[in-house]
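A, B, C, D and E are the chain letters, set down in written order, and residue numbers restart from 1 in every chain.
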Amino acid sequence: MPDGHHDPPGDPRILGAPAAFSPAVDAEVGQVARHLHTSEPATPTGSTSKRGGLGVVFWIAAGWVGLTVLLALLAPFLPLQSPTFQDYSVVNLGPSTHHLLGTDDLGRDMLSRIIWGSRDSLVISIVSVVVGMLIGGSAAMVAGYWGRKVDAVLNAASFVVLAFPPLLFILAVEAFWKPPLKSIELWKLVVMFTVVAAPQLFRVMRASTLAVSNREFVVAARSMGASTWRILTREILPNVLPAALSFALIGIALAVIIEGALAFLGLSVALPTPTLGNLINEAAQIYNLKANPTAALWPSLYIFFLVVGLNLMGDRLRSTFDVREGNL
Amino acid sequence: MSPKADGQLRFPDVADLNGPILEVENLTTHFQSDRGLVRAVDGVSFTLDRGRTLGVVGESGSGKTVLSRSVMGLLQGNRVVKGGTVRYAGHEISALSPAELRQVWAVQIAMVFQDPMTALNPVVRIGRQVTEGLRIRLGLDRKAATETAVALLESVGIPSPAARLRNYPHELSGGMRQRVMIAIALACGPKLLLADEPTTGLDVTVQAQILDLLGEQQQERSMAMILVTHDLGVVANRTDEIAVMYAGKIVEKAPTTELFAHTRMPYTEALLRSIPRLTDPSHMRLRAIPGRPPDLVNPPAGCRFAPRCPYVQEQCRQAEPPLRNAGPGHQFACWFPVGSSEGEQALAYNLHHKVPAALAFTGTRADNALAAVPPEPTPTGDGEVAS
Amino acid sequence: MTGGGTAHLRSGQDILLRVQDLEVSFGSGPHRVQAVSGISFDVAPGETLGVVGESGCGKSTTGRAVAQVHRPDAGTVRFDGTELTTLGSRELRQARTKVQMIFQDPISSLNPRRRILDIVSEPLAIWGLGTKEERHRKAATMLEAVGIDPAQAGGRRPTEFSGGQCQRISIARALILEPKLLICDEPVSALDVSVQAQILNLLQDLKEERAITMVFIAHDLAVVKNVSDRVAVMYLGKLCELTTPDALYRQPAHPYSEALLASIPEPVPGSERGHTGLTGDLPSPIDPPSGCRFRTRCPYAQELCAREEPPMAEVAPGQFAACHFPLVKPGQVLPEPGPAPEPPRPVL
Amino acid sequence: MWSYLGKRLAQLVVIAFVISILVFLLVHLLPGDPTVTILGPSDTHQARQELLKQLGLDKPLYEQYFIWLWNILQGNLGQSFLTHETVASAVGHAAPIDIELIIGSQLVAVLVAVPLALLAALRPNRAFDRSATTTTFGLLSFPSYVAGVLMVDAFAVGIHLFPASGFTPITQSLTQNLRGVTMPIIALTLGSVAIYFRLLRADLIATLQEDFVTMARAKGLSTRYILTRHALRPSSFALLAGAGISIGSLLTGTFVIEYYFNMAGMAATLVDAIQQRDYLVVQGLALIISVAYVIINMVVDFLLTLLDPRIRRA
Amino acid sequence: MTRFGDRYGRREFLSRGASLTALGIGGTVLGACGTSSSSSGKVSAHPGIGSGTPRRGGTITVGVASDIDGFSPASSHWDATGLTYANVVFDSLTAIANDGTARPFLAQSVTPNSDYTVWTLTLRPNVVFHDGSPLNGAVVVANINALRASPLTGQALSPVTSVTSPSTLTVVFTMSAPFVPFPYALSTQVGYIVGLSQLADKNGSQNPVGTGPFSIVNWTQNNEFVVKANPHYWQPGIPYLDGITFKPIVADATRENTLRSGGVDLMVTRDPTAIVDLGSDSQYQQVSALDQKIGEPDMDFIVLNTTVAPLSDLTVRQGLAYSLDVVTLGKLFGGGISKPSTSLFQEGSPYYAPNGYPEFDLTKGKALISQAKANHGGSISFSLETIPDPKLEAAVQAIQQMWNQAGCDVTIGTIQQVDLIQNMATGINFQAYTSEQFGAFDPDLNYVWWDSSSAKGPIALNFARNQDPQIDAALTLGRTSADPATRIKAYQTVDQRLAADLPYLWLRIAPWSMTASTKVQNFANAGLPDGSHGFPFNGGVFNPTAIWLQG
């Protein structure tokens, strides 16, 4: 089946997409592949491997997210008041030199609470998404590569987990698991989030794996006698990882927001530990909103920019590596 | 000049036309890219008489596809830089607004695309894809449009055409899809058909059928046609005239027989010789063209083919050769043309000095040292590269 | 397994690959597609077998089945004294090193996320041969052999290369394990004519240097003729004709071969044959025609063709065709090959 | 097509079965005792045992499961231990809320996102596209619980435009119903608008580069016609898949909004029931939600096959 | 019991129901309250009491804090909302007047024999149920028997050994022991009489048939309860309204928003900030239970498990009490109206007397804690938990800091309401919880919560498990003595002993309030048939019978 024309710079088709694949391959890989290699309006050169191809926006977002993570990591070493120290003489104050972002209804320093709060929020979101990706991702690669029965079983399993009402699951875990140590509360949430995230990531990565598994370089590796493990790790993984990574970033953003929702229900990390969700939840109460609107503003803004940053990064990665949410 | 009346463009009947149906003058199409201006079509001129067929031949990246789309005015957008004029039936269509151009398309000029798999909307039934032009452009009602569509599909050799209208493109074979596309192009009775690699995606057996079909339809409708292809074999027997493009420029243009009989441009010759022939014995070494087409952002100075040319001399690298006449209708752009004494001397000189391109041209074994041609790193990727 | 026959198989020990009654199918149930239905062929060491046919005729599937990339449903693939179809996965992995493939889409066949030197040395890495430096050194040698400068290219990724260069890299990778058999699955059909010539020359050179046996799959008869010692013509999962390229060109025995030949456009004005080749499309492989599968498009078809499947038979010495009414009758003397008409070549 | 549907249906049955087991086990292994909520913490052991017997909770677990399953197969989802309201009737009250919120929010999201995406994709990276893209990023990062609080403050408390809480069944009063759901729907819509816009825009941009769009232009068709009749449908696969996921997650994801706007939807009812160990209600609701999730996804799959004729063979 | 505004469990009865049960009907809920309502509203001198001529017609919408699980006194768990609903569709045999005494209501008279072991009720004649059936002794007997048979309410009537109806309008209760405050019990959940058709109806708990001023139109769980005026109501001239729609709105904020946006005309809340805000707004009128002097007010407190170390150590409990700064807590969370409390009763109540409860003294607290540490391995560590409610969560964080400053190692956390109740009852995993309880017109209604006998066994209703013979004796005395002075003394003893034993660390009086838009008149002024005024606002419970709308 002749085809082929790797359209060079200047050919109008390239204005759209790097038409690097033959229709024959397209037809085989089907719709998923279509999604995999259609893209944002590419430059006429259509290359994806350029250095700095992620653009300024990405790096600004990454810088912001990085700063957030760094602050969270360094919280114990920063010259911050304890996030739980209550000073009843300075309740509900606006920003001042002593309290850069003001204080809350118990006279605690908002800046300190936000930075410390982001610690647990980030641990929950990042760890659960990373672990979810390890579990869901490996299952996805196995399912996508082996196909057939393995795929059918894993796929159905992911459906079961997805369809199971997450609220029931979370409340059940909440009721079931009473960690003897308060420090484990955090990990309880991580486990819940992981269970919820894993099947989602499974579906994303399965779609990418399916698309990649049919590519000829995988067939080539097989014909060279590569073991399955080697094919999965050397050939498929590097190709599904960027896509998965972009979803992971968006997943982390989502997890930060969901942590907030759980805090709204009193299901997030136990008191008195601040999390971003706990902070918003505390501050968005009507009595606090009236007494101290800025206390709600700061954590909301913080979440907002963190989530925007993560979304931007994920989105940039996605458009650079040509993946669609639609492959879920 | 056809006057515009109440926003409607009017074109003279082709039969009454005195001049050529298409005149392209110094057409340029550049694209703005991150790396700079991509000179995809760079000063191309030609004319086409009604009912005649022009073949446009070149490698991928030579700008031939852009040329056909530029002629039609299909390339729009803020990153397209256009220049030159295109006159259709005496009317300067390159100056028309997009809305006006819509009146030209399909009814006056139509296009057959390279890959029917991608050029037919995969989620729209054949029926609508054929009839929508008829209904919207020609104002036929549903019934009339359907009847016309059936007739059209029948005329392009599709069996049980009425049933096919309900099909989606993927339900047809490649050949059938290409026939559908031709039917769509012909639907509104264009006077000029641009066929952009109409058979590239097809099997050889089907390719012949499609080319025959195009020929028949052209005869019947006395259309003019531009046949764009990378395969000289395709145009050899089906065109009146051939233009060879290289790096955005026409480097040789001649009536078909003349071109094959008296090839002037080394590039044309190299193209011809690199094709394996059935008539050649097995295991015959092919004469490959070394290197790759130039980067259209920074084309080489002088003749753009110089880096790959077996005849190349210092002059070629300095000065760009103009299009010169070599007999009736035959133009070429070369300082050391094939068949001339300068050319022969140049080649002999190069062979003597073991210029790799010349060695490759002879097909000698040594040229695997093509390796020889230092692999210029391709900064961005696409574009045929040698090594 | 019906018909087909094995008259064209050569006896004798000196056969590297013998494929017999190969059947491959895809899908299941009513949509089961029999892509290859019982074909047999053999390849002698150092020989190049060209396989030609329209898309959908099963030629690529055959290639993949030989390499056991897609395991066949039935039939035997005896390679270098080993029966591949019955091998367990471990032995098969071993055996696969001796059979390598080159694919149609040069870009898709290289992992876009890996560097060229790693890609080419990957087969060595898989088998743990040598240290990393040694592997890279060997890969560099291979790259040089295919005309890629390892110093320049080794550290780059496939997306930075053109199709032609990628195909060279694929070839380097395929040859690094020094396979005995190279299966080239449409290696040039995605390339421009000028590059196609480069690759064909390269393959030819490598074959001579390294005494590689090849199965060369393509749809372009002219290309196949150029590289092959024997040509197998396939149609709808079946073998139609097997002969030398010159015989095929001079005197095709099977009507399908004739049609195929007639379809090839020659870059010579006026060379067009009156005959336009084939009409219609390939029938559906899900429900192939009875008897001779080509009969629905065959200008010579008779009632017999629908009833009975023609077996392969020798119609001329070394020329086998599966046709009830071959265009070359057994015993018929072939016209002497005249000098090939030279195209106009002003220089040299 | 029918065999495809049949296959999916079989899949649905299997998944529903597995989920029913999981739901049942999880609910019954929950610490806590429904008799305590019913009787209160009184220490009459006998009353408790009697109640357990009466509720059928004294039987072995597997037996309870099969009784439950058998009842479900007969269309009887059970009855609350506490209020004696049947699960079916509870669903009857709760489901319309979710259905309206979900359909409403997704419909609004699509109605907003599609034209925005069409306009943005037409001239990618120009002013309109950039501002729409930026805005949607904002929306995406704007949690519904914050949106709800702000809207109530502005539109309910502030200008009395909408009620701050409550759900009026559509059968009772259409205008009241619409006024009541407006703010919850908007709160739920925001994120979805962003997601739909982004999915559709990206696909549209890709589609608009396709040859068939060029071909449609070459037929002299108008931009509007091409966008709506040629580009939209092949660009909406990801949108549809996204809608499936979005709707699926909203099945219980509406909880915060239901809570804040005081609407007793499925999620809120489920949480209640869990809190009270109202086993049968939890089981019934969880099963219905799960099955709804699977059905929605299958409907999406089915719609995808309608939308994209190429995958019909599968 | 616990509940500051449970934002999570939608039904308050979870807590109240539990207490109910136990108590039989006791306590809290029904109890809730007390006394005179005082107005903090600034609009009218007598908010909740209509001035001018009542107007007939119109409907109102009322926001309540929870929904109920049914209308059956024998099997439903009525919290404040449940009793409010009951006031609407049913009538109780007795009712509390604004002086805090129980008066005959559906009964015409309630008379004990000399030793309070036999009580005779005469029923009001010519009273008919919504279904047209008459009220008579047989109906009451059927009701009481159903209540006694129910595991939920049976205990509340445990002193009753038999009930008979010697004549059409007479009912006689025979007790096993003197039961002085019996008329109070008849104003609680067990005093509401339903029609025979409801009793016979399998789904009776969803289809109330009462004698009340309104009859049910529609009840959609968790959504609304709609009633229309009963044209045949036995009290002449009322109700004035054509109908009422009740909307259960669990979240305090949402309820307040709904009032502010005009979605409800009247609501109940116990959020001090809301009370202050709304009270200072001329668009609203307010009735608050904060100044209640009668009976016991609803209290917010911390309940300690006195059987588990380290809280089993009285020294520790004393240390905690001394280091708990209720005044600061009041400032932080009380919106300026909170009343820190150190007693079961409020100053001004007849039962109130100085009780010796530890006043805040951090130094003393620290000393006691450090003194106790030696006995507990060097540290006093325990967990304090509350239900998920932002205000409670904030409060326990402050308390944590206070106690940690005193030298404890306090862990805090949240626990779902249902688990909290179960843990308290079983004593498992239970150390210190926030709680709300003890509102009652007559302290006897809290008998079970304090009696030593209910502090034992696998399930204990005396959650703190505080066993004090002096308390037991005082409680018995209060129940069996008819002498008011003796009774007052008895309950003062209870209060003093609790202050000494410290099973409960008092925080404040629960700040219940009722807020209405200005058009709603007379919402806290239901009359009683004897001409007295009914108790206006009893914690979260009120009686909307007499409401009328301003023109």
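By definition in this document, a residue touches a chain if its C-beta (ideal position, glycine included) is under 8 Å from a C-beta of that chain, and two chains touch if they have at least 3 such contacts.
It should be emphasised that the depicted structure is a prediction, and the values quoted were computed from it without experimental measurement.
Of all chains, the one whose CA centroid is most distant from that of chain B is E.
The interface with the greater number of C-beta contacts, when D-E is set against A-C, is D-E.
The mean-CA centres of chain C and chain E are about 90 angstrom from one another, to the nearest whole unit. Chain E has its Cα centroid 48 Å from the Cα centroid of chain A.
Chain geometry summary: the mean Cα position of chain C and that of chain D are 54 Å apart.
Residue positions of chain E touching 2 or more other chains, listed in rising order: 7-8, 253, 257, 416, 419. Each of residues 31-32, 153, 210-211, 214, 259, 271, 275, 308, 310 in chain D touches at least two other chains.
Residue positions 55, 159-160, 162-163, 191-192, 219-220 of chain C are each in touch with at least two other chains. Those residues of chain E lying in contact with chain A across their complex are 7-8, 252-253, 256-257, 271, 273-274, 277, 328, 331-332, 335, 387-391, 393-394, 396-398, 400-401, 411-414, 416, 419, 429.
Residues 69, 72, 74, 101-107, 110-111, 113-115, 118-124, 128, 132-133, 136-137, 168, 170-171, 181, 184, 188 of chain B touch chain D in their complex. Within the complex formed with chain D, the chain E residues making contact are 7-11, 14, 17-22, 69-70, 77, 151-152, 155, 203, 205-206, 220-224, 247-251, 253-255, 257-258, 260-263, 416-419, 421-422, 424-426, 457-461. Residue ranges of chain A in contact with chain E, taken from their complex: 84-86, 88, 91, 105-106, 174-175, 178, 182, 185, 265-267, 270-272, 281-282, 285-287, 290-291.
Against chain B, the residues of chain C that register as touching in their complex are 54-55, 144, 147-149, 152-153, 156, 159-165, 168, 191-198, 200-202, 204-205, 219-223, 225-229, 244-246, 249, 259-272, 276-282, 340-341, 343-348.
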